[in-house]
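These are the structures in question, set out in turn.
In the two complexes that follow, subunit A is the common piece, with subunit B as its partner first and subunit C second.
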Partner chain A sequence: MIDLGQALIFGVLIGGVYALMATGLSLTFGVMKIVNMAQGAFLITSTYLCFALWQHFGLDPVLAAFLVMLPMAALGLVVYKLVVERLERIDPGLTIVATFALALVAEAFLALIWGPDQRETNPVYSNQAIHLGPLVIPLAQFYAWLLAIVITVALQVAIKRTWLGHAITAASENPEGARLVGVEPARVGAWIFAIATASTAFGGAALSFLYQFTPDTQDFWLGLTLSVVIVGGLGSVPGAFAAGVMLGVTESLTTTYLSVRWATAVPTLLVLVVLTVRPQGLFTRMTRQDVGS
Partner chain B sequence: MTPLTWLTPLRRAWIPIAVAALISYPLVSDDIYYQNMLIMTFLLAIGASGWNIMGGYAGYLSLGNSAFIGLGAYTTGILAANEHISPFLGCLVGGLTCAVGAALLSLVTRRTRGMYFVVVTFAALQLLGVVATIWSSLTGGSQGLAMPLPTWSLSYQDWPFYYSLLGLLVVTVAVSAWVRRGKLGLGLFAIQDNEDKAAGLGLRTDLYKMIAFVLSGTFLGIAGGIYAYYVTFLNTAAVFDIITSVLIVLAVLLGGRGTLWGPVLGAFIIAPVSNLTSTGFGGADAGAFRLLLFGGLLGVVAIFLPRGVLPVLQSWWRRLGRGSGRTPALAGPDRSRTAGSVSAVGGDSVDGRDPSPALVVRGLRKSFGGLRAVDGVDLDLGRGQITGLIGPNGSGKTTLFNIIDGTVPTRNGTITLGGRRLERAGRPVRAHAGLARTYQLPRLFANLTVVENLVVPERRFAFGRLWTKRVNSAERERGLGVLDDLGLVAYADSSPTDLSYGQRKLVELAQVLWLDPILVMLDEPAAGISPALSERLAELIRSLRERGVAILLVEHDLAFIAGLCEQVYVMANGAIIANGPVAEISADRTVIDAYLGDSVVPVRSGGQA
Partner chain C sequence: MSAHRCAATTPRLTTLPGEGRCAGRNSPGRTGRRGLLRAVAVIAAMATALVGCAAAGASSGSSSGPLTIGMSLPLTGPAADVAKSGYQGYQLWAAQVNANGGLLGRKVALNVLDDGFDPNQTGTDYTRLISQEKVDLLLGTFSSLLNAPASAIAARQRMLYVEPSGGTASLFTRGFTNLFFAQPGTTETLPNLFIQWFSSLPSDQRPKTAAYLTQDDPSASPAVEIFKSRLQALGVTKVYDQSYDPSTSNFDSIAASVVRSQPQMIIQGAVGNDGAAFVRSLEKLDFSPKIFFQTNSPADDTYPDTVGMRNTEGVFSSEAWSPTASYGGNADFVSTYTQMFGSPPTEDAANSYTAGQVLAAAVRAVGRVDQNALADWLHANTVNTIVGPLKWGSTGVPVGDGLLAQWQNGTLQVIAPKSTATSDTVVYPKPGWSN
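Take a look at the complex of A and B:
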């Protein structure tokens, strides 16, 4: 019983972090229907940048994320303008290929700069914990989870309350109509892409003190974030959060009751199962856009 | 995609010469370095040609095809280690395993489109890598799996690997050519253009894609088995490496996606480069430099050379003026002759059909969120009857079409076509049962010629038929007859993009009639076309009625409706608010209020068009 409770706590905490890592992807994949195969690479790039700030200036990774956000947003803007915008017009399939190529190039640069060794940041809270009777809540996970909630809520509010948020919703639901009322989908697209890329700063910061990382883990994180977005259902930020928690709990239960090695297979297995039985995702309603299944 | 007609004379001569040169190479040179380089080139070319069947023909990109190498390699390796089966036999089992794996993955993607396929193949590659590592009792896990050592004399060098892979490459390219020239290729290119439309024309798109993906994987799986024997040692990290997938995609994109020889050409460029880098780059950063090189190349090709080398060369050649002559000089929408007999359209007369009503719809309902788009609709359409469906924009007409043809699923209500219940059936089944539909904006397949567009519909799925010619002589003759009636015979072998809007509408109608349907649903057929074409269209519709075909017509042009329809249904807010003869309907007060508004004078029926 204590095992189960502990597994659930770990699962929920890690799940929130997964959702945080996937926020960028649920904006690009979910809202713009662009599969950004560089999500894992953006994430791990943010992680290394946070790592560098922590290593050289002793800056806490979470605080570092607010700085890292800026170059990441700029990177997102450049990638959108140079790659995504022109390829989406020719063939969306090429965007997938090109962003994946970008991920490989980013991985190569990270490996050339920081080498292939495993790295981690360890701020003071990284090995502290709160004890609730027999149950343990690790502080690092808890802070990362809080960060996930804050970022998710902030993004949700931004989408629901701001002009840009409305423009994003409009452009994704009806590009023609949006254009008629003066919202240029291409420009909105650039903004979403920049925000999505910037948001990897926070996921990357959490990653830096929760996991050891190397440049070649980018494709693992890509697979994981794709799983979160697909299981949650495209375009739904709360759905992505629910899916993250579900993945986290399933993984944590698998670790506790089966083996830690099978836990790594959970996200991929889950995505295959979900696409087979409920391709629109677990936490979405079927809407009119989903015709043609 | 056009066949490489300009290459034909060259191809006839050069292909046998190239194959002969490759066959004789090991006999005349004992340079093991180049022999090994060619072995890796063959492996990549097999992978690229296979990938192209799914990625180039059907348009479904995969980033996980190196999984097939891994699956084939491990199957062969495990059979050799545990059962002492020769790897040259074991690799066939490896190919079979890959075929089954590909079929299973196709089931996963059966209900999804385009971009999910990438995710699924990527996930499958990751999953296989993880499983192979965990299941160490079978695969040796991260320790690796040693293959038996070759038993032949050293003086034969790597000939058995060389020749078996060369032979497999020839087979793969031959199969790819066969697919391309057959009905299977026709269907796959149609799927690439518009999968929903293809399904609506009766193509079992799920099976087409499954066969394409199985072919993609099988040959690469066999090659993987041979590769396993060749490298003599398997470890999960190397065999399931995503970089192999990247090289495959890079070779296809560089050479020319969708072409027959592009992937082979690409492989003969990329594999030697890859070979050079793996021997040339040294030190701790070698891996990073390789990643940088191939990631960079892939990005550059995707952004600056998206069509690939071969198609670009081809269009340069055309611009030189030697390969032209495809596009007819005819232009203008109305070079069409006056409407002749349309007997060729739709083939045999349907007089002998059973007398059950063409379409009976009861209680059809569909909500999107809180909006009731279609709210309890009943329809009765007799054979040989033209029925109009009118209503204000947003009243649910197109949604009703989409529900009847299966584009939008619903749980409520029944659809009976010619006595067959269809509300649960998939789109191809509905097309097979005799349901045809055109779109408000015509949707023709740009990858196919006009005559190919006509013959692509399928009344039933037959495996054997997939391997026959794209357009056989009987179909071509019938197709040309139809085009002749439409005055479009000069465009038979051009792309439908060369046609005017109105002409495309006519061709789309002729296309769906190829299904020999019981019911044809036309979504605003007369919108935006010239009066002359609209007249021809009306004539065509009447001739269909004479042959017993039922027609359901959504149209805003009330004169067009009045001139054609015996019966009219009026829709408003998702419900049928009136139905009856045109004269009765146009006098109906509720209809005028709902549809026309107060200020509009009703159109007098009869007499027009």
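Take a look at the complex of A and C:
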């Protein structure tokens, strides 16, 4: 029973981390239907910026994230205006190619600035844990998990309770209808992209103290976060959180009770199952796809 | 594919691979976009070529121009971070050779291609180096993964192949007579010195249980298998035994499973940052075994920072080289390298430098570039290097063992063999973690 409890704790915590990493992708992919292949690169860029603030100024990565989100939002805005918006008008499929190219460029820049060496931040809590009897709660994962909760709730409130949130929902579900009521989808798109890119600051901060990273670390996280978004369902930030936790728990239980080797295959298997059984994702409803077009 | 040929008088900092410690890296997502970093390396290589190659002059293959030495290295890709120093070791070797008049009266020029840690590309590169670039000599690359195809092509083309890493046993069972491993021991012999030390403990002081954990990598898992069989023969009971994928990033659940089995000793085949990641997970769980052996990771330069310097205390590892060993040229290698590149050499740098020493010794002794004669000479002679005297069996396996090392007071000390030991004490049992 203790084993199960410990596995669930690890799973829920690491799942929260996965969800945190997937937040931005959930917005761009889920709400805007844009497959942003640069999202992993944005995440790692945030990670390096948090690392730089920690290394040069001793700033805790979590605090650094609040500073990093500003330039990241600006970066997202620029990328949207210069690349995504233009290509969306020509052929939405081109954004996949363009953002993939952006990811390559970003990776090269990171490699030129920081080199290929492994990096990490080591705040004091990075290797500490709370011991509750026989159960252990790693502090770093716990903080990242709390961060995931805060970001998920904040985004959900913003989408459900603010004018911008309503505009985002309207523009994503029915662009023409939104335009008729004065909501310009392109402008809303810029906001979403900026928010999605800014949100990588928090995922990047968590990544910096949970794992070592290099410029090409983005590949792994892009794949994993895509899995989270697909399992959770497009456009659902809470769905992404639930999917992240589901992936984390499954991974942890697999490691504990089945085999360590199978643990890394879990996300892929889950995506396959979900796409087969419930292609719209586990936490969203199937909607008509012809309304907005 | 980038090629840069230079006289190697101008050292260059680029990303390169190294093994002894490299093969699979476990940081999340190290499997991907090699093309991009390769492109960066192409630019860097071209820039370097403009600077460093101006003096090279004549083309390869010319008897009056530089003696060209071809190699394909993972300048980019998942092993690039640990490989940088390996390449620098080659650069230093070439620069020193040139400063001393070169080989056979000719300057040495390195012709380096980048394979992005792709074994298929490694094969293509060595074929190109031999058939198109017509290099005079070859030097090996990093990791068993890459040296396997490279050495096969060298054998097919009857070229001498001295490799700085790639010590897995399967490389030496293919009947190649031109393959030479430039380290004092292989993966097969890696456990020897540890087992000797373990056997020397009074039986009532030996750990009775062990957990075995290894990355699925040719430079780690065979060694852990040997540890397992030899320790079981000494009465140590196996309580945990798992291998993990190189892409594994989260070790908390794995560590929890290990802790549940309550091993008195942990043996981990760790080749990259998986070693440090596992230690961090053990630290969180506040579980420290009496003996903790990790194959490669503890020698990584980022290891102490990642796990915390105080937490390195008592961790065992294996090494091919020690910066403090008294072998001829070693002190000069350490000081010159440090002066040249601004940081002390790593084991990867020493291994590639050693491979260069082996090649140079053979060329000087034979007096001409005759691939078969060079191989014959190496089979028959001992070469003094910075890792000690090297002598090879018929398959290219070195005769001897590596070094047994242990972190003590913030330094990775050599504790065996006695002739090379830098510390005459062994920390046992390992102290607990200090968070």
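We adopt the following convention: the second predicted complex is superposed on the first by the 284 of 293 C-alpha atoms of A that agree within 3 Å, B and C clash if a C-alpha of one lies under 4 Å from a C-alpha of the other, contacts with A are read in each partner's own complex, and residues count from 1 in each chain.
Going forward, a residue touches a chain if its C-beta (ideal position, glycine included) is under 8 Å from a C-beta of that chain, and two chains touch if they have at least 3 such contacts.
These numbers come from a predicted model, not from an experiment.
Of the two partner chains, subunit C is the only one touched by A:Pro138; subunit B is not. With both structures placed on the common chain, the touch criterion links A:Pro116 to subunit B and to subunit C. In the superposition on chain A, contact is made by A:Arg261 with both subunit B and subunit C.
Residue contacts after overlaying the shared chain place A:Pro279 against subunit B, while subunit C stays out of touching range. Of the two partner chains, subunit C is the only one touched by A:Ala129; subunit B is not. Of the two partner chains, subunit C is the only one touched by A:Tyr211; subunit B is not.
Within the superposed three-chain model, A:Ala103 lies in touch with subunit B and with subunit C [touch as defined at top]. In the superposition on chain A, A:Phe10 contacts subunit C only, with no contact to subunit B. By the touch criterion defined above, A:Val35 lies against subunit B but remains apart from subunit C after alignment on the C-alpha atoms of chain A. Comparing which residues of subunit A touch subunit B with which touch subunit C, the overlap comprises 103-105, 107-108, 111-112, 115-116, 215, 219-220, 222-223, 259, 261, 264.
Taken in their complex, subunit A has these residues touching subunit C: 3, 6-7, 10-11, 14, 40, 103-105, 107-108, 111-112, 115-118, 120, 122, 126-129, 131, 136, 138-139, 141, 211-224, 251-252, 255-256, 259-261, 263-264.
In the complex of the two chains, the subunit B residues touching subunit A come out as 59, 61, 63, 107-116, 118-120, 122-124, 126-127, 130-131, 133-134, 195-196, 242, 246, 249, 253, 284-285, 287-289, 291-292, 294-299, 302-303, 306, 368-369, 373, 402, 407-409. The part of subunit C that touches subunit A in the complex is made up of residues 15, 27-37, 39-40, 76-78, 80-81, 84, 216, 242-245, 247-250, 252-254, 256-257, 260, 273, 276-277, 280, 283-286, 302, 305-308, 433, 435. Per the touch definition, subunit A reaches subunit B in the complex via residues 29, 33, 35, 37, 82-83, 86-87, 90-94, 96-98, 100-105, 107-109, 111-112, 115-116, 215, 219-220, 222-223, 226-227, 230, 259, 261-262, 264-265, 268-269, 271-272, 275-276, 279, 285, 287-288, 291-293.
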